[in-house]
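Which chain is which? They are A, B, C, D, E and F, in the order written, and residues in each are numbered from 1.
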Amino acid sequence: MKNNRFYNIGQFMEMECDYEESDVIVFGAGFDGTTSNRPGTRFASSAMRGEFYGLETYSPLLGLDLQDFNICDMGDLELSIGDTDKVLNEIYEGTKEILNDEKFPFMIGGEHLVILPAFQAISEKYNDVYVLHFDAHTDLREEYNNNKNSHATVIKRIWDITGDGKIFQFGIRSGTREEFDFALRERHTYMETHTIDTFWKIVSTLGGKNVYLTIDLDVLDPSIFPGTGTPEPGGITYRMFEQIFKILKNSNINLVGCDIVELSPDYDRSNVSTIVACKILRELSLVASHNLIKNREKKEKNKLI
Amino acid sequence: MKNNRFYNIGQFMEMECDYEESDVIVFGAGFDGTTSNRPGTRFASSAMRGEFYGLETYSPLLGLDLQDFNICDMGDLELSIGDTDKVLNEIYEGTKEILNDEKFPFMIGGEHLVILPAFQAISEKYNDVYVLHFDAHTDLREEYNNNKNSHATVIKRIWDITGDGKIFQFGIRSGTREEFDFALRERHTYMETHTIDTFWKIVSTLGGKNVYLTIDLDVLDPSIFPGTGTPEPGGITYRMFEQIFKILKNSNINLVGCDIVELSPDYDRSNVSTIVACKILRELSLVASHNLIKNREKKEKNKLI
Amino acid sequence: MKNNRFYNIGQFMEMECDYEESDVIVFGAGFDGTTSNRPGTRFASSAMRGEFYGLETYSPLLGLDLQDFNICDMGDLELSIGDTDKVLNEIYEGTKEILNDEKFPFMIGGEHLVILPAFQAISEKYNDVYVLHFDAHTDLREEYNNNKNSHATVIKRIWDITGDGKIFQFGIRSGTREEFDFALRERHTYMETHTIDTFWKIVSTLGGKNVYLTIDLDVLDPSIFPGTGTPEPGGITYRMFEQIFKILKNSNINLVGCDIVELSPDYDRSNVSTIVACKILRELSLVASHNLIKNREKKEKNKLI
Amino acid sequence: MKNNRFYNIGQFMEMECDYEESDVIVFGAGFDGTTSNRPGTRFASSAMRGEFYGLETYSPLLGLDLQDFNICDMGDLELSIGDTDKVLNEIYEGTKEILNDEKFPFMIGGEHLVILPAFQAISEKYNDVYVLHFDAHTDLREEYNNNKNSHATVIKRIWDITGDGKIFQFGIRSGTREEFDFALRERHTYMETHTIDTFWKIVSTLGGKNVYLTIDLDVLDPSIFPGTGTPEPGGITYRMFEQIFKILKNSNINLVGCDIVELSPDYDRSNVSTIVACKILRELSLVASHNLIKNREKKEKNKLI
Amino acid sequence: MKNNRFYNIGQFMEMECDYEESDVIVFGAGFDGTTSNRPGTRFASSAMRGEFYGLETYSPLLGLDLQDFNICDMGDLELSIGDTDKVLNEIYEGTKEILNDEKFPFMIGGEHLVILPAFQAISEKYNDVYVLHFDAHTDLREEYNNNKNSHATVIKRIWDITGDGKIFQFGIRSGTREEFDFALRERHTYMETHTIDTFWKIVSTLGGKNVYLTIDLDVLDPSIFPGTGTPEPGGITYRMFEQIFKILKNSNINLVGCDIVELSPDYDRSNVSTIVACKILRELSLVASHNLIKNREKKEKNKLI
Amino acid sequence: MKNNRFYNIGQFMEMECDYEESDVIVFGAGFDGTTSNRPGTRFASSAMRGEFYGLETYSPLLGLDLQDFNICDMGDLELSIGDTDKVLNEIYEGTKEILNDEKFPFMIGGEHLVILPAFQAISEKYNDVYVLHFDAHTDLREEYNNNKNSHATVIKRIWDITGDGKIFQFGIRSGTREEFDFALRERHTYMETHTIDTFWKIVSTLGGKNVYLTIDLDVLDPSIFPGTGTPEPGGITYRMFEQIFKILKNSNINLVGCDIVELSPDYDRSNVSTIVACKILRELSLVASHNLIKNREKKEKNKLI
């Protein structure tokens, strides 16, 4: 019997549904082993669980409330820190189980490399998956620090899986000349960071498609998001993310998974970076939940007809 | 005899006029007892006194200079920290004395609840007082943590005094669904945060009216104001405040009191939040002083006629 | 079904036993409403849960391991922040339930005042309770900031319950002249902070007695414990606490409850203060668990005879 | 023999060319002796050398790469800290040597006063030098703290050298009434901070002219640049600097030297301010290098004709 | 009329007596212009005024209470920051005025150099002044950064005034070989830092002598005092200072002035360093006040006889 | 030609001798990939280079001066961050080169695991090497996070090389019960942390032996060394290290290499931890240099005889 005068803060507030009954599964993957600059993204999910309480469950932007959806915070994956290959496999297996149970994986990094095994599992389940990628950095190196698997190569590795024409990058403002050349040659849609128009256009062309969304939070300007490994001046504002959330909510894409990565909480002792990450988590998990239900209802309606 | 080689930093620079000769009375109310998230607004006024020296007394935005006005910093109210009711009464009595002396109270919080007794005193002196409310949060709960008087209920308590149609909220981006429903149902003018047009329109409809101005500094975006209890991403910029100051300066409203609340200085160790609060204090006390004189001159001119 | 690849960090590691099967019940009481200096002790228990993972479960000092005992972390009490009287009552009721279930309450403050209702409940269950009190401050004022119940009066209020000769203070180095006069007149055993000899002597006179242990962590020197509301230079070292733990482990006192209070984690951003609090929690919960079993076995042996 | 498994971080990455072969010479002048508010700009250049590694050598904004230019980081000037006159002379001599070697001096402050001797040396070498000045503060006092040479008087001292009509100030938002009056009377082009149009216009009128560029980094808004002595809310964004870099790159001005001053790294422990300064250093040294070559080629082409 | 509901925090608590009626005059000299490492001691006195409120007025160590003595905090000296010679002269004149009024100067630095003009004034008033010097560093260079007057040469400059045999250094653990050779050759009593025995012996030989006491707070170990320009591991504990205070209180020396210098508050964001400085200020001003009265009474008794 | 007005801070001051002429080679190994708690030791060597300037080159404790010895700072090893095996090999090769050149390797970590390949290289060059190990943690696990090579297993791996009776641990106060059992069974000399007597005794038994010294800086108490991954209360003071340095200087052991590891500078923003590490580096490199010369002279004297 648990004494009901007490509460326990181990899960994201209002993300405490049973796994079985939940559609969206939130989990942490606290790996930062290939981080070449400031480490500490390993602490992102636990820092976020501590700060999430300052937010309301209701989003006035979206008109949606966490209390109306079934979301389950699974906690963090147990990882063999120190051995990159083992860690990647553990993330792969963890994501696969969630997908096998027909649920939506929402991963909190960790460095950007953690999305590689998650995306591998997703691309095995769904075919023809498109990628929406928010980031300050291209992440398109072929190799970094003598390693093929790295936070600086991860989108190149994703491209190894998807091939051309599937990845859309937004907010990029740093990389080598070679990376930018590759992005253009391969017709990745590289775009200027100061307009959201192209995001709307691209999302509208992806109606009905399977889409994976990966957000390296350093896409935000360091003024609002200093707490990351490699802050890059000139980023987008939180207000732009509000537009992005609305576009996603109203879109017809079939979101099959998403992540937010690269929060390194100890580098922002005001905790604002962590709070920003929490608010993006709230908005995106609302969008994902809402769209899952919308799509399911649509399917069922179609069946009836 | 005070040796004139020395200076003493206990008051806001250029706010050291005699109480008797001053129009605008600045004082601190360092209470944060109902704060449910990060405390520390109790330190706001003393932190601000320490940072005010980095500012000039002249405002190029307004073309006004503190040296041309009589402003008196009274220091901080002595408060019975630990007993919310006693504290509220002490703030009420302190404000009342200032009002009885026909002076303009400019309070520095403390948490937002400190404005309730101040507004009580003001509404007893002036009738038909309108409220301009800047904030990230609705503050319209009926009760919070089992208390009716709380930082999260304070505008609802103000509404208990004013009734419908008197409160105008700006910058709100967080609250429960119930709070937003209340705001709309009761015809509080809730507005989007990214335009200042509506502020101009509303102020222009309040010409000649008694107006109280309350600024919860968390209305600002956390990028420029991390030092507060509950930072909420997506806020307004300091540049928007510049527009607000100009609109207020040029308006015909009869400002009867104002406050700035919710600076929690220790959560921003760069001290930028404190400096922002200081600059808002400078601009607003210039506006208040300037308009007091303008209105007095107008009245006297009218008398002559 | 919980996927076993994940772990959830909401409880102190190895303090996750079922409530029913546990002897020692750990819980947080995150109230700091009468704190007159730096607030933030409300965050102590959650900060400690986050840092506890850096410690081993085994104590080489004591030769005991958390894995060998049943300890249950209940999480934090839900408190009506803003209304001191309600909060004190909620702590009283929470502690009483634990005592009614014949369990040992181990409270994590919060400010020192939180121990008053806990001690009230304990003194109702056990008679003739002695108090071992570690602190930098006397806490013997009759009233503070116009309040009788305050962090600065709490030991005086405990004395109202116990009467003379029951309270032993250690490490005190700050107070008014009146408080020190009272401590001497009333034969509280005030002692110098730099010797542990008297602690050993006093504990040895309390064999078989019911004893409550309250540790205001500011008894430690600010060099090792800066993260508290009112740091006071000249305190004891952590090494002295090691002696204290050994003395307690080997003693014959009947420990009926204990607490550690006044960690304010945000004032020590190296987190060392939080880690120190965690280690004291580990050592004390080991001592309490070990002695509970020892005493129970002794009693049962006595019954057999 | 240097073992090639090691690298040494004492110079800005990719600014390690031989002095003799380099066009642009970067050096630090770590003096902050007249700073009246928060000191620490002395640490700017060494903090920047430490953070520069997080940046790529390639600028996607400008399409230029540090690897394609010869830039030499000389390290920091040895200065007689404590004696302002000696220090100014040492900076003068150091800059003069660089100019005598027909190289481009790029100074990293230090407080703003360090530019006075550097500009003195430049105005002795080049005649008719125009000044582009970015700053939050007018720096036009005649005297400050009883000193004629001060961070608060430095532009007035520059004006003593240039006379009227040569200095263009951008981003100014703080000063005394007298300073603003002087700026207008003397036809310094004081302009509003929120538009870049006038910068473009002014630069286009300076085609072929010798121009010195001085950037007090506090021209940036404190949201993105808290790490400075006197942060002033209401500044420009980093995005505006991107426009400035493009305008400079495409201009026909003859840049003869530049500086970035007033980074005080310890006041921004997220290091974002330092990173912003590094990125501005990269972009400006690319622009300077690119334009030096462009102008040289133009001259040589002209000679051929 | 000052409204008595308010208090103003501009002076050290209980050091608010009228200048005329006070024996001990506390004042700040916020100069750090020759500081070669981390600056910021300019903020010491104002930071201390803000933290002093956390201390009681009563010292249980000394059995003395600030409320029983007349102490006047004059605030801070106005200084011509940027011109070392002017600043030194301003400190000289300020100290001289206090001495002319037959009062005891208690200066709060600033860097160590600020004591040079103060000592100059003292040595002009009193003859045959001995110096007790606590410090981590010898400060015996002949010149530093090309300057004769520097924080690193200040005791050598004091020696220029006193000549041999007058200066006693305690706690020294850093300097050049030349400085240590000088200290020994000139029979400065350099001593090991880990014993207080020699301090007691030396003080006992100075009975009836005029003594100036200068405390560079970096004599403390950085564990308890990180907030200084050049922390040097291996220093003394606060407990040792307690012994020092007792020895001074019980001594027969004729204390003619004292100072505490080199607190740089921003480098210790837990504020513990500032609190330590406050407690030393309290204890020393109690000792000074107490001994002044004791000596005066002795003199008057002698007169009667 | 390097302009001699400038200095460059890329090497430890007075450790800038030519590699060929140096006996002691200092280098950084910035790897922290298996760190399970707070990362960031990768920044240790560059942070130390920045702070080293606050120290004198002369050690009054040892009577030795860096200026009298040839020490070469090689900078940091280039490492394949992200692949633990590659990194270990790179450290092995780097150390081997230094040893092949008959020089003394002084490594700055990085996490503790970096010493494994360095010790491997040393044990291949020298036979019968003894290990003096200072640490808070046993580091004797067989496996950690599923990895055999880890900061938590590194001394067990060293033991795999040395076998029984070669490793002496000091300052240990944390580990599992199994680790402590192993340490005792295998006759590792585990000792209490609060006495230096045993260190002296053990060193005196190792006269003439080859000895490797490894210092995990978390052996220090967190009061003086908070800047590390896993601070453990109850450690040794810096004063004890002074005894250790003296014992080593006066010993007859044949030191063949040493290291200091586990400084994580960003977790101590006062930089005291970094300064402590710098002072230990200075003292140990003086001891190593002094003893190398002493031993060489002894050998040559023996040859002569």
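In this section, contacts are C-beta pairs under 8 Å (C-beta built on N, C-alpha and C of every residue); 3 or more make two chains touch, one makes a residue touch a chain.
Every value quoted in this text rests on a predicted model; they were computed, and no experiment measured them.
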Most distant chain from chain A by Cα centroid: E
Angular offset of chain E relative to chain F [C-alpha, multiple of 5 degrees]: 120
Farthest chain relative to chain B (centres taken as mean CA coordinates): F
Interface composition of copies chain C and chain F: same or different, split at half: different
Gap in Å, rounded to a whole number, between the CA centres of chain F and chain D: 42
Numbers and ranges of chain E residues touching at least 2 other chains: 38, 221, 223-224, 267, 269
Pairwise touch network: line, ring, star, complete, or other: other
Every chain pair meeting the contact rule: A-B, A-C, A-D, A-F, B-C, B-D, B-E, C-E, C-F, D-E, D-F, E-F
Of chain F, residues touching chain E in the complex: 53-58, 60-61, 65, 221, 223-224, 238-239, 242, 269-272, 275-276, 279
Sites on chain D touched by chain F in the complex: 1-3, 5-11, 19-20, 27, 46, 49-50, 73-78, 90, 93-94, 97-98, 269
Residue ranges of chain C touching chain E (in the complex, touch as defined): 37-38, 172-177, 180, 194, 221-224, 226-227, 230-234, 267-269
Interface residues, chain E side, partner chain D - complex: 32-36, 38-40, 42, 79-84, 86, 144-147, 149-150, 266-267
